[in-house]
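Below are structures written as structure tokens.
Both complexes shown next keep subunit A, but they swap its partner, so subunit B is in the first and subunit C is in the second.
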Partner chain A sequence: MMRTTVKRRLSGVLLLVAAVATLFWGHRQLVPVMRHLAYLSGWLLLAVCLFLTAYNARKKLPFLPLGSSRTWLQLHAYVGYFSLALFFAHTGWRWPTGVFEAALASLYLAVAASGVAGLVWSRIVPRRLTARGCEALYERIPAIRRKLAEDAEAMALASVAATRSTAVADFYKVHLAGFFRRPMNGWRHLAEVRSPRMRIEARIADLDRFLDPDQRKVLKELAVLVAQKDSLDYQRSLQLSLKLWLFVHIPLTYSLLILTALHVVLVFAFSGGTEAN
Partner chain B sequence: MTDNQPSPGSDPARYERPSDAWVCGHACDGKPCRMGPSAGGACRATADCRPVLDKLPGEAKGAWRCTRAKEHGGPCADGPRPDGSCGCPAVVCAPRRTLRNLRGRTTLAVVAVTVACLLIGLGSGWRWRILSPRTVSRPHQGDSFTHFAKERLDAPNSCAACHHAAASGVASWAQLALRSHPAPFGKDQFAKVPVGVVPMSAMDRQSCAVCHDQHEFHQPNVVQGHSCSVCHVEHQGLAMAAPEDAQCARCHDRADVMQQSSAKGRGIGSERFDPPVQAGLIAFRTPRPPGGRTNLIASFGQGHPDFGARAGGLKDPDTLRFNHAVHLGETVRLGGNPLGCVDCHVPDSTGSYMARIRYDQHCATCHDLQFDPVHPELKLPHGEVASVRAKLRGLPLLYAEIKTKELLAAGNPPRRDEVDAFAQQNVARMRQTFGGGESLEKLVLFTGDPRQVRPGISAERRAHYAGCAYCHEVLPDTGSLAKVTRPVIPDRWLLGGRFTHAKHGQMGCDGCHAVRESRTTSDINLPSQASCAECHKPGGSAPSGCTSCHTYHLLSSR
Partner chain C sequence: MDTPLNQIERLGRQDNPFDPEFPDADLDRVAALAPFKDMDPESFPKKQPLRTILRCDTRLRRFQRGEIIVRAGDYGSSAFMIVSGDVRVVLPPGLPDRVLGRREPAKRSVFRAVAQLWANHRNPEVRTPEELGGGGADAEIGSRVFLQDVPRLIGNNKTVTLGAGEFFGEIAALSRMPRTATILCDSDEAELLEIRWQGLRDILKSDPALRAHIDALYRKNTLSNALRSFPIFQHLDEEQLAQVAAQTQFGTYGEYDWSGDYKKLAKAGTNSVDKETVIAQEGDYPDGVIFIRSGFGRLSKRFGSGQRTLNYLGAGRWFGLREIAHNWREPGAAVPFQFSLRVIGYTHTLFVPTRVMEQIVLPGAPNALLPRPLTPDELDIDDDDPLKEQGGFAQRIGPELMEFLTGRRIFNGTATMVIDLARCTRCDDCVRACAATHDNNPRFLRQGPVSSGIQVAQSCMHCVDPVCMIGCPTGAIHRDASAGDVVINQATCIGCTSCANNCPYDAIRMVEARDPGGDFVTDKESRPILKATKCDHCIDQYGGPACERACPHDALKRMDMTRLDTFATWLHR
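Moving on, here comes the complex of A and B:
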């Protein structure tokens, strides 16, 4: 599996490099030959952008035999990189100076940057999730969190009767009830900061010294639940980030298409060859 | 670290559907209801069951029975209420949108904002500021140009002067785009670069040429009008950039185009190719080569011929006898110092060219036209022959005036007999030296070398006693004894291009003009093209672009 992935990625990168090299070589050859080379590169760029946008439509039409989503994603990534080269060939490596064209270029680069960032993130996050364990469906995380909270609360309450002491219950009320109630430490999990969990574990260790064996047994079980809840928050934080970057990429893509359509109209309507009425 | 995750106790009946638009409001608490929200986002929570009234035979009141399904926990312990309603009332929630639904709404919002921004921007007065790729050149903006465009082109705004789409509303731009050339779906947009020239476009004909009608397209033998916008690229800032050499080379470096131009030029009178010269200036016009100026030129340093004034052994036709080598040599002194170029050649008011040489400013200091060494204050007028002869014929009066002034200066009243005697004495001396009055006139007019009439005159004084023929061409004339040919010194030598001495001040005159060896007036002391190209070359210290010197358009007013 690993060898297949490496082989596939290597092939994709080689194909991409070859395509980009061919593009720049062809562009250089065509500059002195073609009168309106920007039209050709512009239409190509538009076609590529439409193809890239079609990936989102493809996801909405899973019943059509249009190839697997995985294949589409691979194509989306490599064609997206190719579109960057095409963009620079179209603009001649110059930054547009007009307000509209600068906005168009900025929008394209924002979409491309968000896409590249999302792709890189989507390569990093699954590895981190797998390494951390406790993988769960994002939509089921609230239910799991609730169950953990209920189990922890029940455990703490039961300890009062079983041990005739409120030490564990009090500890739960002061330090753990809030922790189990809602998702915690979202940004810290993204940054792989583990100090909040270690802080709780340190408090548990501090309390552990003063407890009798029965209470320690309960506290140990609570510590297991704390670890599970922290892992669950980690899952939620990273999985949410995988969904949220699309809140930038997709809306900007449709804005880009609107501005591109206007750009095409403007180019032809305001070109030198428009005949007067 | 890997932790054991407890089974979420997933219920197959509660299959997660992330594609749904709504999710139960209790889902974030981990306890969504069984029904879930409707497609429209309304809570569909109901009571757990609809109690059924069981009546035994003969019983009037009966008892309500819970009908909660077994998979949902079976009948509840408390049972229905006395009024027959469910004892477990519905817990209504506020359904929440799923992330996918939120993303879709965000997309719609961003699209709406984009469209709104475009509508506001395109509908406001900032429309052209937003759409313009960059500022247009200074002459094509401002109130005066807007007014001019309205008057001349019936354009509602300055943009419409060139872009007809700007005269119509946003809604019609798509239609105009479809009618454009090249068309958006036509093959002509992928056409190859035409040979030599890019024909004029509709914009050139309908906009540029309407205002710039005084511009002719280069030379009369141009094969086809060149599109304005190829060389004059607008929307590049306040100052329109000069055309690049490549634009000139599109024709001048193509043998086929030059051959066509040469053939076309054969049928056109050479006077139509004469570059225009400002009124009042004297130009050195060179004959047009038989094939026209159709050499293949890639750049100033590659293929450019020598300047026309230097080509073909042309001579300066001026009749003034002038020797640059003598004037710049050791024999000629001014205030004890050798003459320099700047003693005669001074820039005109523009600084670009040299002012015209004038006798009174540049020659008279040395050539002051004296004729009587005894009375050097007597000088002949420079200009008309008649004036010279009149002065010489009034010699007695001139001497009488000298004596009168001398007596008055000494405080003595001038006596007529004394004055007359002085005049007669000097006139007699002059006749003894030069013969009669007519002989004196001839000597003054026709003697080229003062040493012929005054042998032994010193070199320092020689120039002061020169006759007219010393510098001028003097021809015999029956009526006025002599006719002096008026010198014609060209003000402009290079008519095909611009030049400015002001930018060459650091060069020194000798760097370009090899006049120290020039002994005759007929020498044309212009620098060669090759010497100019030593600096004016790519990467050189001076610009080498075609437009540094040449102008594509010729004014029709010429």
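Moving on, here comes the complex of A and C:
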């Protein structure tokens, strides 16, 4: 039996294709008969953009029965894709020549691209975070990191007295203190590059052969903390990326709305009394 | 010296009596009634004598003919004793909701809902003077519902009349289950003593005679209906059912207040199947069918050296019927119990012996009600994969998650917050929505145990068996009568932390209350006034729980974990 998610996506895509086909067919029919078709497509595009922006308003009103955020996001995505088709119909598949129009078009495409990228990213990252484990609330990550650093340092210092050797403490100071102190390898985690952690693990393995059983025990415990810290950095990096993309998408959206308003004013200011057909 | 505005008297149980104006004369009259007058005062603790319990946890209520006293399906936190007059119990199937005047829980007005945009307090945990001052009785008497033309409304429903001295409502009150029947006043006027469940529990603890009396009442008044609710008994006539009822045995397993032990074991990491009391053992002779009346049992099968959980059985489910029906049909190929049934938490059972099943129940049972005989394939299932036998949702959920749900007792929740971490972008829209709908105070934590990528967040699950209610001295934590959600009355919460300590899921948090000016409220010794807080399932908001509606990725769901089929479908959506 087909899963509901697959069914929903399939229906969404089919509806989108039908809507885009209708749009292009209708546009083609109207081009010869309507002199200022751009007015119609422009207003329609503005209405669609306002609807897309309304999703953010819905999020601010969770106490009103305005439909679930899930439905809104579905609509946001599919209407967003439709708006791309509308955008190209509006521009006539030509890149604008004026500086202002070019900026407006670029901004629109940036908003669309950031939206699509964010949607794709938000489908990929949760799976990666879940597969990696060590789930942590983003706000609590600094506190957990601090605790790990304190534990690691205490372990290294205690090893001096317990093992009568500074080998582990020296190793900690040179190779691990910095690693525990701050978030590490943010970009590498995003790209799923594991070499930094493997490098530390290789160093630990190198040192291990020179240690006695007591020192080895401490080193093994430190290795566990290293793994935890690495997973914590992974969580931080990916969770941060999920939060930051909205800081790109939303400001771009509002900038687009401002430029669009200006665009409308300019179009009417310089239309020279042209009548819409 | 004047008391500062943000300083109040610390409230105790006695400060929140069921009836704040219970006259001494009435109290004397109640104390002189049977069974209270026959109770041994020495058997009650010195700190809490019978008279104190009566003063604190009872109230007298008067009803008029046709007036509904309790409605089937409502959650009640109190039992009743008839002082004078008669009441009529309408037996299932009972009266329709329309007749019973059942209403949805009151929602905020549209204006108040929208006003949350600007009217929420800036400071956390602000309480109004009413919420700080103690509110007397917690259970609202509410608007009264009268039935006109009772004989016509009752129609073909069977009824039973109860008179002075009889108890009712004690099962719902003590087992934290919904009322099973509608009861209305059947005389021109009836006077009833309503007893808060906390008081009833304390009295039963000190007076075994009353417990025996209540058990006898259950056998007399309710057992036949309880049996009738199981499909296998529905074809029996009254006489046959009475014969079954007469030979039915009651079973009570586990601790009434099971959360304490569970929390200790869970904390020590020693919470395992082996620690649970076995109700029926796999491989034993099936000596009877076990019907679950309330609570939960774990259905498990031997797997390797341990037990693999196949399912959990809640109220209305049964164990052993298939084996007994099989043996009755094929006496030459008798089989033992195929699974084990263990108690999780606190479980009430009804045990109907095999002999009774074979002689009275099975012979006349329609084929549709008889479970199919065990096939050789089913009997051959070995340790390889007992989930195969369960098939369906148990297999779809998978062994790891089944163990997790049972081991952590997640099955208890009717609105458990489950989060699919493979979809959750950790955006915290759910937390923000919760805060926005609760005066800027989020009522759950988006953290909690994880298994197979499913997280159970620290949010009130609105349990089938809400053990949080056990220790509440004032009844501040209670079930909403219509919706069944577990909610806290802030006015009567005295901040004793009992519910927070009892909750096995750490879903209740104690907070330091502030006054509307933002200052912490303290008692005379300048100690902060605490209030218990938790998810109220957005009971007064439009559209249901804000957290679920706020999730853009369909990752968060408030799930009734007693319906594993729904959960399995959601997992594979």
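One rule holds for everything that comes next: the second predicted complex is superposed on the first by the 268 of 277 C-alpha atoms of A that agree within 3 Å, B and C clash if a C-alpha of one lies under 4 Å from a C-alpha of the other, contacts with A are read in each partner's own complex, and residues count from 1 in each chain.
Please note the rule applied: a residue touches a chain if its C-beta (ideal position, glycine included) is under 8 Å from a C-beta of that chain, and two chains touch if they have at least 3 such contacts.
Since this is a predicted model, take the numbers as computed values, not measurements.
In this superposed model, does subunit C or subunit B come into contact with more residues of subunit A?
Looking at subunit B versus subunit C, the one contacting more residues of subunit A is B.
First (subunit B), second (subunit C), both or neither: which does A:R132 touch?
first
If we overlay the two complexes on their shared chain A, which of subunit B and subunit C does A:T53 touch? Say first, second, both or neither.
After superposing on A, A:T53 lies clear of both subunit B and subunit C.
If you stack the two complexes on chain A, which partner ends up touching A:S165: first (subunit B), second (subunit C), both, or neither?
A:S165 contacts neither subunit B nor subunit C.
Looking at the overlay, does A:K243 come into contact with subunit B only (first), subunit C only (second), both, or neither?
Touch partners of A:K243: subunit B and subunit C.
Under the stated touch criterion, which partner chain does A:S255 make contact with: subunit B (first), subunit C (second), both, or neither?
first
Where does A:S122 make contact in the superposed view: on subunit B (first), on subunit C (second), on both, or on neither?
So A:S122 only meets subunit C here.
After superposition on the shared chain, which partner residues are touched by A:R70: those of subunit B (first), subunit C (second), both, or neither?
A:R70: touches subunit C, not subunit B.
For subunit A, which residues lie in the overlap of the subunit B contacts and the subunit C contacts?
On subunit A, the overlap between the subunit B and subunit C contacts is residues 133, 135, 137-138, 243.
Considering only the defined contacts, which subunit A positions touch subunit C in the complex?
Answer in residue numbers: 3-5, 59-70, 72-73, 122, 125-127, 129-130, 133, 135, 137-138, 239, 242-243.
Going by the contact rule at the top, pick out the subunit C residues touching subunit A in the complex.
Against subunit A, the touching part of subunit C is residues 108, 113-114, 116-117, 421-427, 429, 432-433, 436-437, 446-447, 450, 453, 455, 541-543, 546, 548-555, 572-573.
Over in the complex, which subunit A residues touch subunit B? Could you list them?
Touch residues, subunit A against subunit B: 32-36, 39-40, 96-101, 132-140, 142-149, 151, 224, 227-228, 231-232, 243, 246-247, 250-252, 254-255, 258-259, 262, 264-277.
Contact residues on subunit B for subunit A in the complex?
So the residues of subunit B in touch with subunit A come to 1-6, 8-10, 16, 18, 23, 27-32, 99, 102-103, 106-107, 109-111, 113-115, 118, 129-134, 163-166, 168, 173-174, 176-184, 189-194, 198, 201-204, 206, 227, 229, 235.
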